[in-house]
Structures are given as structure tokens and as C-alpha cells.
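We call the chains A, B, C and D, going by the order they appear; numbering starts again at 1 in every chain.
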Amino acid sequence: MLDLMTGNAAAAKGAMLARVEVIAAYPITPQTSISEKLAEMVANNEIAAKYIKVESEHSAMAALIGASYVGARTFTATSSQGLALMHENLYWAAGARRPIVMPVVSRALGPPWNIWTDHMDVMGERDTGWMQFFCENNQETLDLILIAYRVAEDKEVMLPAMIIEDGFILSHTFEKVDVPAIEEVDFFLHPFNPDVKVNFRKPRRYGSLVMPDWAMEFRYNNYLAMEKAKKKFLEAGVAFKKAFGRDYGDLVELYRCEDADVALIVAGSAAGTAKVAADRMRERGRKVGVAKLRVFRPFPTEEMLRLGEVVRTIGVFDRSYTYGQGGAIYGEVRNALFPLAPDVRVKGYIGGLGGRDVTEAEFEKMYDDLLMIARNGSMQKDVEWVALKDGSWRW
Amino acid sequence: METYRDLPQSTYSLQTTESVRTGTWRTFRPVIDTKKCTRCYTCWKFCPDLSVDVKEEGDFPKVDLDHCKGCGICANECPTGAITMLREDTIC
Amino acid sequence: MIEIRFHGRGGQGAVVASELLARAAVMNRLHAAAFPFFGVERRGAPVTAFCRIDLKPIRTHSEIYFPDYVVVLDPDLVGMTNVLQGLKPDGIVLINTAKEGCDVRGVKWGKVATVDATSIALKHGLGSENAPIVNTAIIGAFSKICPQVPLESVIESIMKASPGNKEANAAAAKEAFEGVKGVW
Amino acid sequence: MPRFTIPKDEYLSKGHSGCAGCGATLLARFCLKALGPKTIINSPACCWSVVQGVWPRAALKVPVIDHAFECTGAVSSGIRAALDIKGMDDITVVGWAGDGGTVDIGLQSLSGAIDRRTDFLYIMYDNEAYMNTGIQCSGCTPLYAWTNTTPGGVRQEWKDVGKKRIMDMLVANGIAYGATVSIAYPEDLVAKVKKAKSIRGPKFIHALSSCPPGWKIPSAKSVEVARLATQAGVFPLFEYENGAYTLSKDVKTKPVEEYLMSQGRFKHLTPAMIADIQTKVDEEYAVLKAKCQGAGASA
């Protein structure tokens, strides 16, 4: 049924609908109200779960790894510094093939100390072996939690997943969300029943010390599982549409790209703003499109190549900077599209760091910039910081 | 186990360590003098490598040379001095 | 380039032996590198260590599979691990053992040098009966069978970097140098 | 005369990779005799994760979960929560870690697990330094002891402070039961582990676990030196429950010097240092006895 709620409330609802069994959470702005809502729901028997009030995010992930080995469906949520504190155990959960699902309410990493959104925290964890799904709105936050469990617990995947919800812009923003009935969700998402779990008749050691002779092959199997997750996500998306009518059947949602001269790749809440700006450009006869990156890990290389076949000038809007080649998404998109060079040009835009608001007008300027590049067939700067206070009147 | 395809999905163990011949670690070997041994099983009790076998209560303790690391605790703890540590006879 | 593989046990100083040998080569104005097999060193468990010596800088950073020399610090290991694995056809085996002309695992090997490094070490108070420290004696003996690393360089290396009593270790190396038997 | 004074069944396999004479392997063997098969152990990367052997082999015959260094307490809480939600209520959850892994890097998660009244037994095998990484000083390294990070040297930089008082800290934190045990007294150990197993809530066992390479003792003396620690009053055996302390063995009969001089890590001690340790041991033993209000020593 339709309800008005914040992104954090939608996340907590997602956990409830997924009938999570063990929750371990530690408060951190802007995730905190997820922890609070979960505690409330557990206390009121809305979730039949054990809620471990841990003493740190590192312990939160550790507790869930233990619980998952016993066979419980596990859930937590965090942000920024808390996600960074979990780092060691994020690798552990993925390597141990524990399908833990965790909303990350994205927030800047200090210094500069900052409680508002950007994707530096999430991009810092892109190599841990976790799947990473970005949400454009609160509806997606709820839906992607359910989809994430289905993909993560698939016997051929068995990998953990992060659901990235932009801090404050979504977490504390009220939006209409359609909350499905739990019985419908039971039909879409079956109980967690792993092949391998703690068994007292057949005692095993989970973790072990693997020498150089086999460690690489275990890592290779993680890689294969992550690749397989692409197909599994699409299948789950189709099943979700059948069950709830909302379409998640693609890793990258193409919005008005079929005939576009230029397209902008955007992940997270800014995608909505970018779509509105694209419509306005279209009204002025400018053929622009938005490619909303929903799944960042596993990275949708094939989808990017298909986009590059259609649109020859592509911009990438990143809310992160990697001290390497521009933003995290830009680096991967340009990498994926290299086979199409030089016919396809990719430009990186970095913006929205530390909670900086990204406006429709700024997206329109990015489209104008891309259209000029498409016309000239060349660009001065590969990467540009949007609305940077650099004394110029560019933005 | 030949390729990555043969591996379990994650690093859980598949067998015990019994097949590991840690006996190759020792340079000294315990020898039990059954004349002095009162079968009090102190050696069995204090062996970190479970290398003193006693099938039935009343049997003499028997050293499992496949696993004994030659630490010498049994000889040190034996109340009647029935166990002596002998240098392994080297092959070359 | 000559490549040497040491076989010892955790706690017996095989890794220090490879380091001191590399240092001796460097003192003989050569290039060298020494490294252990990074296994799970446990007191008593078999351990391998490696050393490369060359005229030009050593740039390879991988294990040694076809050594020119194999040095066995603990005679029992001969019966257990395949110390001959990958040894070059004209390679030389140096074994710490009191027995001459040692029969290496039933395989007659052309070039086998032996030295009673344990007795020499214990005579110089290096280590104890069940944990003799034979590494300095063994590299003294090694300098007898390997022209690139003369005894003087070994002594110089020991005096500079050997743990424990340097004089006793140097003396053990000298005595082992004299005490090498066998054909190589 | 009963020949077997401790249970005969074994849950530790032969062929594990403990050093010759390792106290921790004996400790695990004894503890598991008391714990039995319905036990799950979670343990961080430490000596013990190597002792159990290398994949695909494992030395323990009960389920074991490996995890990162800091979070033994947290993983135990997670396991217990999952067992509860799955209705598996006859399982003993055991957090098993070394001294550094407990009093230093693991203290935060241990404190949290106790504070949450997690129903688990935490066993700290105390070999008094970071042994897996090659004998570095930990919060449990004794006063004046040598380690590779308290090497003495010209500035006489030995361990300059005594062991962290972990038992006192955890009693204040709120454990339901606490006990010290030693590999030299297996009967006492088995009895205490069985008792701990029968109590609900957070339990803590501080086990002295000798380490031949780290303490610089011959492997054969591993048990004897551990026994000496108790006989010299350095490691008294006692229990704590509901605010009451009970001395298990009043066997403080030897001077600390005999204990100290049995180990290479103390061979540099001056008479003044030994006297200082003796004074501290006597004071602490008196405090313990007072807390026990009359020895009530059981056999």
C-alpha cells in the first residue's frame, strides 16, 4: 500500500519484509533512523529477529558473519566512517561468501568532516567483493533490498550486497513508497537456506588458512560468482516486475537514450534531477539522455558497450574522486568503452561532494558541454569539477 | 583437486589433520620402559599431540610415531621415569 | 648465477644461514639475495630457504626450482622431504651428518659433501643437544664447495651479522670448512 | 586407582601444527573434553588459527568459525543470536583467543558481548605475548619479561608494566562466571569448564598456556613451568561467581625466582627485579586470599 516515508524508513521496511533474522547495527548519521526503526519493529514483534546492539560497525559485520554461517538471514546498515571501519570485515564477508545485505546511507569521509552525502565512502569499498546497487529514490531503496537478498542468496552467487541510498537527500526525504504485502514478498523471496552451514554432526572449520597453492583459485571463484550476479539480477528484476509491477530488469536504466546525441551516466538520487533536466533539454530540441547506473558492482561492461554503440558522446557524473582517473564511475566507464575509442568520447564530471546540491541548471550545463563536444568532435578537459568555486562563471 | 572447479564454494575444511605426519618434526623419540610403567597414563594426559595411544584402560601406553613431535613432555612428567628420549637414528 | 636451497627445521637457523651466505657473497663483491619459503614456520617443522648469488644485480623475485646447490642442515630431513627435487644434474648436495658418503634416500648422487656440523656447533657451544645451531658451521663448509664464496667472506659476514657469540660462530665455520668430506 | 582422571574422548585431531610442547594445544584438548561435541568455537587469526592446520584440513572436531582479530566477542554474539532464532538452544558458544587478541585488540568487542549478556564462554589462552607473529610484547606480557619488542638493550627496555588485570576488568564489566585454569592442572580445568558450560550468560576463563619458543624453555618443560607459575603464586587458580571468589588450589609454596629462572625470557633479571616481582606477587596473592574470605580450597 502507498505510504509517505523517508528513505531510512523504506530501508527498515525492506528488512522487515525480507524477514531478516539477525540484525547487528551501530548508529551513525545519516543512517541512524534505520537502527532506531529496526529496534522499534523488533521490540513490537514486527520483525521476528534478534537485534544485537553492537559496540562498533566492525563488530556489526563480524556478528553477522558468525550469524550467517549458522544459517540466519542477516542485515545491518551504516554510513561513511562506519563503513570504513567495517572495511576489513567487508572483505571477510565476501570471501566467506556470506550473503549479508546492507543499506549504506552514503556520506562523505572526513576530513573535511562532513555529514552530508557523496559516494567517497561507497567507492572506497568497491574492491571488497560486495555487490553495490544505487537507489534513485526511496521506492528503489525498499525494492532493491528484496532483490538484493534474492540475488545474494542465490546458490551460484552467495555474495553480500550494499544498497546505496544518498544521505539526507533520500534518507531523510519523505517520498511516496508502495509497500508490498509481506505475503507477496514471501512468494518472491524464499527463506535463506544455504547448502553449507554450521552442522554439529559434520563439524567443519569455516575460514581456514589457505596457502599459495589454492588461494588464487578461491579468489577466481569469487570473480565468477560476481559475474554470474549480473544474470541473476536481471532474472530477479523480471520476477520482481511480475510480482510487484515495478521494472528492475536492467543494470543500467536507459532514459531517452535511443536517439540521443549525448548521454549522461548518473548513479543515485541525482539521476532523478538529471532526467528532469534532460526532459527540459528535449523540449528545446536538444537530444540528450540519461543512463542511470543502478548496478555498480558487478560493473555492467556489456551494457556500457551497447550504450556506446548508440550514443557517441557520453558524460559521467561522479560524486567521488579517486586520485587516479577522475571519479570512480568515470574511470570504469572509460575503461569499458575503450574498445569503441576514438569513435566514442567520454567526459568525467565531478560534483555533489560533501553534500553540495546538484541542480537541474547544472545538469543542463553539462548537457550543453557534451553537445558542444559532440559538435566539435573534441574536448578540452577530460574531467571537470562541477560548480567548483574557482572564480570562473562557468557554472 | 585439480582446478578451481573442484573447490568448495568457500574455504571450509574437508578433512581432519590426522593424515599429516607431524612425526617428521622430531629429533628425539620417547621410549616407554614397560617394566617401570605403572599405567597411570600421565603421558597420555599431557601429550599435546595425542600421540600416546591407550586403547583400553589397563593397557600399556603406546607412542604413535607418525604424529609424536618429540617434545619430551611425557618423559618430563612421567612419575616413575619410565620414558626416555632417544635421538632419532638418522638415515645418513 | 648460482642458486642455493637450504633445508632445515623451524628454529634451527636455516633462514639465518641463507642471509649470512648472501652477506658473504656481497662481501666478496658479488650480488646476492636470500629469502625463506614463507610457509608456516613452526618449531621443528621443515623449512626451506633460498639464496641467489650472481655477478650482476639479482632481479628475479620468485622461488628457486632448479638449484645448483642443496644444503641440508638436519640429516633427518633427507629421509622425509625430497631434498634432491629440481637439483641441476651437476648440482652439489651438502649435508650436515656425521656419516661419510651419505646414501641420499637410496639415490646415489654424484656430488655429495658431508660435514658433522652438529658436533662442531655443540663443541663451540652453539645451541643445545636437541636444538643445535648449525647455520654458521654449514656455511663455513659451504665455502669449501663453492668458489664464489670464500671462507674469508663467510667469516667477515659472521663477524658482522651472526646472532649470538660471533667468535664461536666464526670458529665453527672455520672448523667445518676443514671438516668437509665427500666428492664434489 | 582411577587411571583416567579426565574424560577420554578427544575433539582435537592428531597432526595439528602446534609447536612441539605447545601449551595451547593441550589447553584446547582439555577444554574440549569438558565442552563436548555440541560446541561451536569462533577464533581470530592467531597462533591457534595456524595450529589448526592448513586448508583443506582442520584439527578440531567441532565447528569453528575464523574471523578478524578484533571481534571474537562480536562473532560469538552473532552466533548465539542465530542459534537462538533457529531454536538451537543446546549449543555452547565458545570465543577462543590469545592474550593480545583479548586484552588488547579484542577488548572492545569482548566488553560489548559481556555487556549484552551474550550467553557464551570466552576462553583466553594466555601465552603472554603475540607468539604467532614471533614473540612481541602484549598487554599480558609479565613485568620485566623479554620479548622481541621489549628486547632490553642498552636502555634496559624490558616490559615495564605488569599484566593487564583482565579478570578484574571483566568482573566489573559483568561476567556471570570467571575462572583461571592451567594446563598443569587438567582435572581442575575440566571441572571449571564443565561448570562454566552449565551457567547462562557471559563466562570468562583465563588459561595460562606455556609457549616453549616464546618463554625460551625446552619443549619438555612446558607443563612443568606452567605448574611452577601456580606453585610460585604467579598464576593462582581461583573462581569468581556472583561476587564471590574461591581459591581452587592454595599451593603457593615456591619463590618466584624458581619460576622465573626456569625461563630464558627472564634470565636477565637482576636480584632487585626478582625481589620486586616477589613483593608484587605476595601482595596480589594476599589480596586474592582476602577476597576469597577464607581459602575454601577444593581438592
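Here is the rule we go by: a residue touches a chain if its C-beta (ideal position, glycine included) is under 8 Å from a C-beta of that chain, and two chains touch if they have at least 3 such contacts.
Because the structure is a prediction, the values reported are computed rather than measured.
Undergrad: Which chain's mean C-alpha position is nearest the mean C-alpha position of the whole protein set?
TA: D
Undergrad: Give the chain pair that accounts for the most C-beta pairs in contact.
TA: By contact count, the leading interface is A-D.
Undergrad: Chain B to chain D: how many Å between their CA centres?
TA: Using C-alpha averages as centres, the distance is 24 Å.
Undergrad: With chain centres defined as C-alpha means, what is the inter-centre distance between chain C and chain D in Å?
TA: The computed centroid separation for chain C versus chain D comes out at 39 Å.
Undergrad: Where the CA atoms of chain B average out and where those of chain C average out, how many Å apart are those spots?
TA: A distance of 30 Å separates the two centres.
Undergrad: Averaged over CA atoms, how far is the centre of chain A from the centre of chain C? Could you give it in whole Å?
TA: Their C-alpha centroids are separated by 56 Å.
Undergrad: Please set out, as single numbers or ranges, the residues of chain C touching at least two other chains.
TA: Residues 40, 42, 44-45, 130 of chain C each touch two or more of the other chains.
Undergrad: Residues of chain B touching 2+ other chains?
TA: As it turns out, chain B has residues touching two or more other chains at 1, 11, 13-14, 22, 25-26, 69-70, 72, 85.
Undergrad: Where in chain A do residues touch at least two different other chains?
TA: In chain A, the residues touching two or more other chains are 204-211, 214.
Undergrad: With touch defined as at the start, can you tell me which chain A residues reach chain D in the complex?
TA: Within the complex, chain A contacts chain D at residues 21-22, 24, 48-50, 52-56, 58-60, 62-72, 74, 88-89, 92, 198-200, 203-211, 214.
Undergrad: Which residues of chain A touch chain B in their complex?
TA: Answer in residue numbers: 95-97, 158, 195-196, 204-208, 210, 214, 217-218, 220-221.
Undergrad: Within the complex, which stretch of chain B touches chain C?
TA: Checking each residue of chain B against chain C gives 22, 24-28, 69-70, 72, 85, 88, 90-92.
Undergrad: Mind listing the chain D positions that touch chain C in their complex?
TA: Chain D residues touching chain C: 17-20, 50, 54, 212-213, 218-219.
Undergrad: Could you pull out which chain D residues touch chain B in their complex?
TA: The touching residues are 1, 3-6, 10, 12-18, 20-23, 25-26, 29, 52-53, 55-59, 61, 183, 186, 212, 218-224.
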